[in-house]
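Which chain is which? They are A, B, C and D, in the order written, and residues in each are numbered from 1.
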Amino acid sequence: MKIDKYTAILGNVGAGCLDMGGLTKERPLATLPFDGKYRLIDFQLSSIANSGIRSVYAIFSGKNVRSVFDHVRSGRVWGLNTLLSHYFPSFLEDQEDCRMADREYYSQLLTYLKTSGSDQTIYMPFDILCNINLEQVIHVHNASGGKVTVVYKRLPKTQISEMNEILQIDDTDTVAGKISLSDAPEIAPMNADIYVVDTPWLIEKLEEEAKKEQMRKICFVLRDLLAEAGALAFEHSGYLANINSVQAYYQANMDMLDPQKFYALFYGNQKIYTKVKNEEATYFDADSRIKNSQFASGSIIRGAVEHSVVGRNCLVDESASVRWSVVSPKVQIHKMATVEYAIIDKNVQIPEGVTLRGSADNLLVIGKGQEITGDIIQ
Amino acid sequence: MKIDKYTAILGNVGAGCLDMGGLTKERPLATLPFDGKYRLIDFQLSSIANSGIRSVYAIFSGKNVRSVFDHVRSGRVWGLNTLLSHYFPSFLEDQEDCRMADREYYSQLLTYLKTSGSDQTIYMPFDILCNINLEQVIHVHNASGGKVTVVYKRLPKTQISEMNEILQIDDTDTVAGKISLSDAPEIAPMNADIYVVDTPWLIEKLEEEAKKEQMRKICFVLRDLLAEAGALAFEHSGYLANINSVQAYYQANMDMLDPQKFYALFYGNQKIYTKVKNEEATYFDADSRIKNSQFASGSIIRGAVEHSVVGRNCLVDESASVRWSVVSPKVQIHKMATVEYAIIDKNVQIPEGVTLRGSADNLLVIGKGQEITGDIIQ
Amino acid sequence: MKNEMLALILAGGQGTRLGKLTQNIAKPAVQFGGRYRIIDFALSNCANSGIKNVGVITQYQPLILNSHIGNGSSWGLDGIDTGATILQPYSAKEGNRWFLGTSHAIYQNMDYIDSINPKYVLILSGDHIYKMDYDDMLRQHKDKHASLTVAVIDVPLEEASRFGIMNTDANDRIVEFEEKPKHPKSRHASMGIYIFDWQKLKTMLVNAEKNEVDMSDFGKNVIPAYLEHGEPVYTYHFHGYWKDVGTIESLWEANMEYIEVDNALNSRDRSWKIYSKNVIAPPNFISDEATVNDSLVVDGCFVSGEIEHSILSTNVKVEEGAVIKDSFVMSGATVKAGAHVTRAIVGEGATIGENVVIDGSEEVAVVGYNEVVGAPDED
Amino acid sequence: MKNEMLALILAGGQGTRLGKLTQNIAKPAVQFGGRYRIIDFALSNCANSGIKNVGVITQYQPLILNSHIGNGSSWGLDGIDTGATILQPYSAKEGNRWFLGTSHAIYQNMDYIDSINPKYVLILSGDHIYKMDYDDMLRQHKDKHASLTVAVIDVPLEEASRFGIMNTDANDRIVEFEEKPKHPKSRHASMGIYIFDWQKLKTMLVNAEKNEVDMSDFGKNVIPAYLEHGEPVYTYHFHGYWKDVGTIESLWEANMEYIEVDNALNSRDRSWKIYSKNVIAPPNFISDEATVNDSLVVDGCFVSGEIEHSILSTNVKVEEGAVIKDSFVMSGATVKAGAHVTRAIVGEGATIGENVVIDGSEEVAVVGYNEVVGAPDED
């Protein structure tokens, strides 16, 4: 593939509007940990890298510089810091309405798009977790001759929120319109907000939007254009999760304990890259008891772990037990402590004998570095 | 040198308080172009890299993310993005009083210093242009056994501003106190605001400052401690310029046309690194007439250039003339145009036949990308 | 399609016709045009053509070549699933693997090629100055369903007998290959640039080795064998500047042709840049006494003399009263006061002493690397 | 002091005593401990000791070693004035430069060493498992004004006759060197780690070459010559875990010793990390049916069987009902349902078929790289 033909834009759709139970208090949705060793943005950046795209413009909230810089840095892991690649993180002020943008948003975005000289632009949101072969979508888009192609996924309505939209797709795989969530079938074709758009046309449409008094973010502009432009609809057949709530985030992690879903996300012919860490292997003690769980490197497991995801560099000490939980990196669960139906964010210390317990319907979320002094049962 | 022994902190002293004639409108002082192909921050980062320091914390104003990211990226050019190095740019809100800091400033700074595990901390300001052998300063500091060492330079009073301070140094090279600018001798020992400090002691002092209602930036804290701590004063014998005004910035560029100063700054045993650009050689046409000037790569010179610095990728077309001027990268000076006693910032187009003229006492500054439609004579 | 086409640059040649200039460094590492080494052209063509993996095969004095190429980051070849790899001789269980010819070098590095697992291999030599889109050549290779495509450039008929000439049918299919024919039938000269289907080439080389058939050289053995077997072999026509810089005269000439802003190579075209390992140096300094005309001057030069129609590479010093004319001066060289250099190539780090005259009017003069000509420094 | 000390890792050995495990790859590239290759220990020691330049000298099957080391970025060796360089044989004007012995390999790479221009050279072998601060050794070298320092470790007297033994005076100065003495006089065994003053070593090697004196091996020739010339040669005492993994038995043993969290090597000490080239893989997956005890499991593994006191390297698959005990399984291997593996080393990419029994109770069993043992997959 020749250089400079494609540009990718990354941004949020729902984030900022959705309640993530404090998980996105100190970080953008983009850097939320996933499956013990990843961050959500790894999936978008890897899909982009794997398809050979070397120009990436990523839109973050202005207060998240640190978290983004820490993880992505110059984009080296994804091959985005070579002489011939361009990675540009844009840190912008949040608007009161999470769907809206300001003048600066459009000024920077349009400058990047125009200087990219690209033929096509790919938009991907941080809210959608999947491992997609973009080359295939681009190929179909080019064959169609249309201006814009949208990726959709058939999902149960329970996994779709008001921030999403359901597409009406005709026999020729063309977007004919939209359906409201209430009118949609139980398994509904949800717009995944992944788009392939011809760049000159996109620039034209964005310039129109930028002239308005009230400017919307790019993905909302694109949504409105789909029916008008007769967009081609591309169904993603692989795993896809819509990270629009704490429950959805938890469920996506639990999905990884289903080998089929796990393999679908990680073992396509496309690798998922993440920041390099040098950790020792996971050590399972002579007394450890494990059932259907995942472990990232560096951890020491002496207790019992069931149906859980355990991050890098964790400790599950003797006689401690972890069940139906998501444990982020650098969490220490000391002797005889119990963790159930919980999401434990990074750097939490769980003292000896303490019990942290949520339930399947009411998950317990322990924030990053939160101090635990006694049992929490909710 | 072993890993993790040293941490460097970069920040501003005067910038934000000083009038730089629009040159720092869209960028921090740190990324101001210098000598045709550099930025001021190249000198601090190179001094740090050359001394083997691999941990750098750089403090910028929150509105300058783009300019800094564009130039420094992950710090790769200075060897700061390897597995064993740490580069962290901190983007903070400006305070109304440019000397003051806020709670976030101290929270981030102290976190970095504490996790660095370093024995010594080196502070360098962006305002001071020099190529200093920090290993030597560290060596002298360690031999002295003191808590803090300060670098000073004997400069003519005309090059010192109210933002600087003059040191009173006793026979044993110890800082005894300060002298006011008016009381200082014509050649005065100016504090260059480059410090080597023992990290644990620095953390202690910064924690005290952080408790105050009104917190000052780190360099002002250090200034106050010098006499009290009996700081060792280290004289920098090489070239040093104090970039505190448009005139000083111009003069520093003109200094580079003096081979002695030029060699002193660039040809110590320490290289100055800058962002990699792939440009062709400078082409001098059969009719070009050059006198005492410097040219960065990629330029095409067909006219006359005297006593000037011409940046990367410039054009000086037939019969155009440039005298006593500083021309930043990507400036095009078309046929028969005249430029004298001017600082032309990046991306300026000077149309055919136009005259831009300042004077030695009243330099003409043309801002980045400014549109020129006719003569400007001031 | 991660690594559809792997490029292999044959950089092994000693280049004896360049005399002193290749005594201690491989020919592709010889400097060119002020900022480059010859191999930069092939490497940059690869990068600009979107090729992600490049193997550089070398066995002669590789030190400078190795440190120049490094991990390929100067050409953007350090991304994921991307890389520049230096391939040198090594020993294996069954003996030492030296490279005895162009295609033999490919045979010996089969393990490397298979580890990249390309569908096509692009064979390049590291000693030509040109800008070429290999992706376009690949597109034609696929369109024609060729198993081998040979890039050709049309040369004047009177010069054709110095080249390998490809005689083709109306459809660009090669019907005959003649090495340096006395009576050339066409003007299509091979540029030594080939695209092969890897599996087919591999099978042929492995079988030849097994049957002890000599298949060590592309021109002498492989292309004739392909034609003999009736394989679909096509030419790809290249139009543009192309120069073999294998002799002192041609190296000097190519440099002189490079000076002009609007040269035939189109060197300042920013859409097809030539990249090189960056050398750190401040801007060039033209002093009060200097005159510089119709010349290229690179960063780090300090010029007080008179320069006319010449190239000064990085960090060259020219003292007052020195005159340099129609010459190519490599990096780090010093030309002392009053010296006169005409029609010469001055090697890296050489010193031309005070008032020394280097005159290449008859035949291009060459000063070797780090050579000191004339009286030693009297400072 | 940009490059005070250059490290040179002798990674050329074929390592025939490792049998199948070094058939197609160099010994230092053999895997260890789940995430590593043996050479990672020497490379990480260099990085942690603040050494900025490392030359890796190799001539046997370097493909995997080369792609593993790359530009050294996995060990932070890609900063400015910093680098990892692979040094392989090449041809020069005066002939081919093959490496005929440990010190001969240094002699052949003199140009490279001079291009770094170090004051000291540190000679290492790439096949030992240990954590050592070479900077501390250098400090002692300087303090003693030594021209050669040899790192030694005390071994039990009864084993001393298997080593090169250094007999020293009270001041640690070496007075005698005995290679595998029948009646050892001391327990100070050479670890094959040397610090030399480069100029002195260079002079000796150059003179020996000139005078046709055999100076090709450090142990056999160079150290005796230094002692004979009365050079100040000292020992540096190392205390800690050190293991030569040159045989199947010792490689297996070292891996087994590595499993425990509190092993003698102190592998989880974060202040002296061992770095390696990162392999991308998701977290390991322990299924409902698995039991994993007293074992190390690396990213990318999928485990449904029973694992006891073993190491599973990256991307190992163990199916239901398979049992792995006291074994080291290299990356990418698959152990099929019902197979039993005991006291074995399973090579990269190997497949142990359904119900196959690998029993190394008598002598450690070895399954070669990509070897398929037992019935082929019936899927």
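The rule is short, and it goes like this: a residue touches a chain if its C-beta (ideal position, glycine included) is under 8 Å from a C-beta of that chain, and two chains touch if they have at least 3 such contacts.
Heads up on the chains, UniProt names are A, B = Glucose-1-phosphate adenylyltransferase, GlgD subunit; C, D = Glucose-1-phosphate adenylyltransferase.
What you see is a predicted model, and the numbers here were worked out from it, not measured in a lab.
*Asks:* Counting only C-alpha atoms to place each centre, which chain is farthest from chain B?
*Replies:* D
*Asks:* If I rank B-C and A-C by number of C-beta contact pairs, which comes first?
*Replies:* More C-beta contacts join the chains of B-C.
*Asks:* For chain A versus chain B, what separation do you get between their C-alpha means, in angstrom?
*Replies:* Computed from C-alpha means, the inter-chain centre distance equals 40 Å.
*Asks:* Which whole number of Å gives the spacing of the CA centres of chain B and chain D?
*Replies:* Taking the average C-alpha coordinate of chain B and of chain D, the gap between them is 46 Å.
*Asks:* For chain C, jot down the residues that touch at least 2 other chains.
*Replies:* Within chain C, the residues that touch at least two other chains are 73, 78, 275.
*Asks:* If I count partner chains per residue in chain B, which residues reach a count of at least 2?
*Replies:* Within chain B, residues 83, 273, 276, 278 contact more than one other chain.
*Asks:* Where on chain B is chain C touching in the complex?
*Replies:* That would be residues 35-37, 256-257, 259, 262, 266, 271-274, 276-278, 280-297, 300, 309-310 of chain B.
*Asks:* Given the complex with chain B, which residues does chain D contribute to the contact?
*Replies:* 1, 47-50, 73-82, 135, 275
*Asks:* Could you pull out which chain D residues touch chain C in their complex?
*Replies:* Where chain D meets chain C, its residues are 14, 23-24, 58-63, 66-67, 70-71, 73, 78, 83, 85-86, 88-93, 96, 98, 111-112, 115.
*Asks:* Quick one: in the complex, what on chain D touches chain A?
*Replies:* Chain D residues touching chain A: 33-35, 259, 261, 267-268, 273-276, 278, 280, 282-288, 290-299, 302, 307, 311.
*Asks:* Using the touch definition up top, name the residues of chain B that touch chain A in the complex.
*Replies:* Where chain B meets chain A, its residues are 62, 65-66, 69, 73-74, 76, 81, 83, 88-91, 108, 276, 278.
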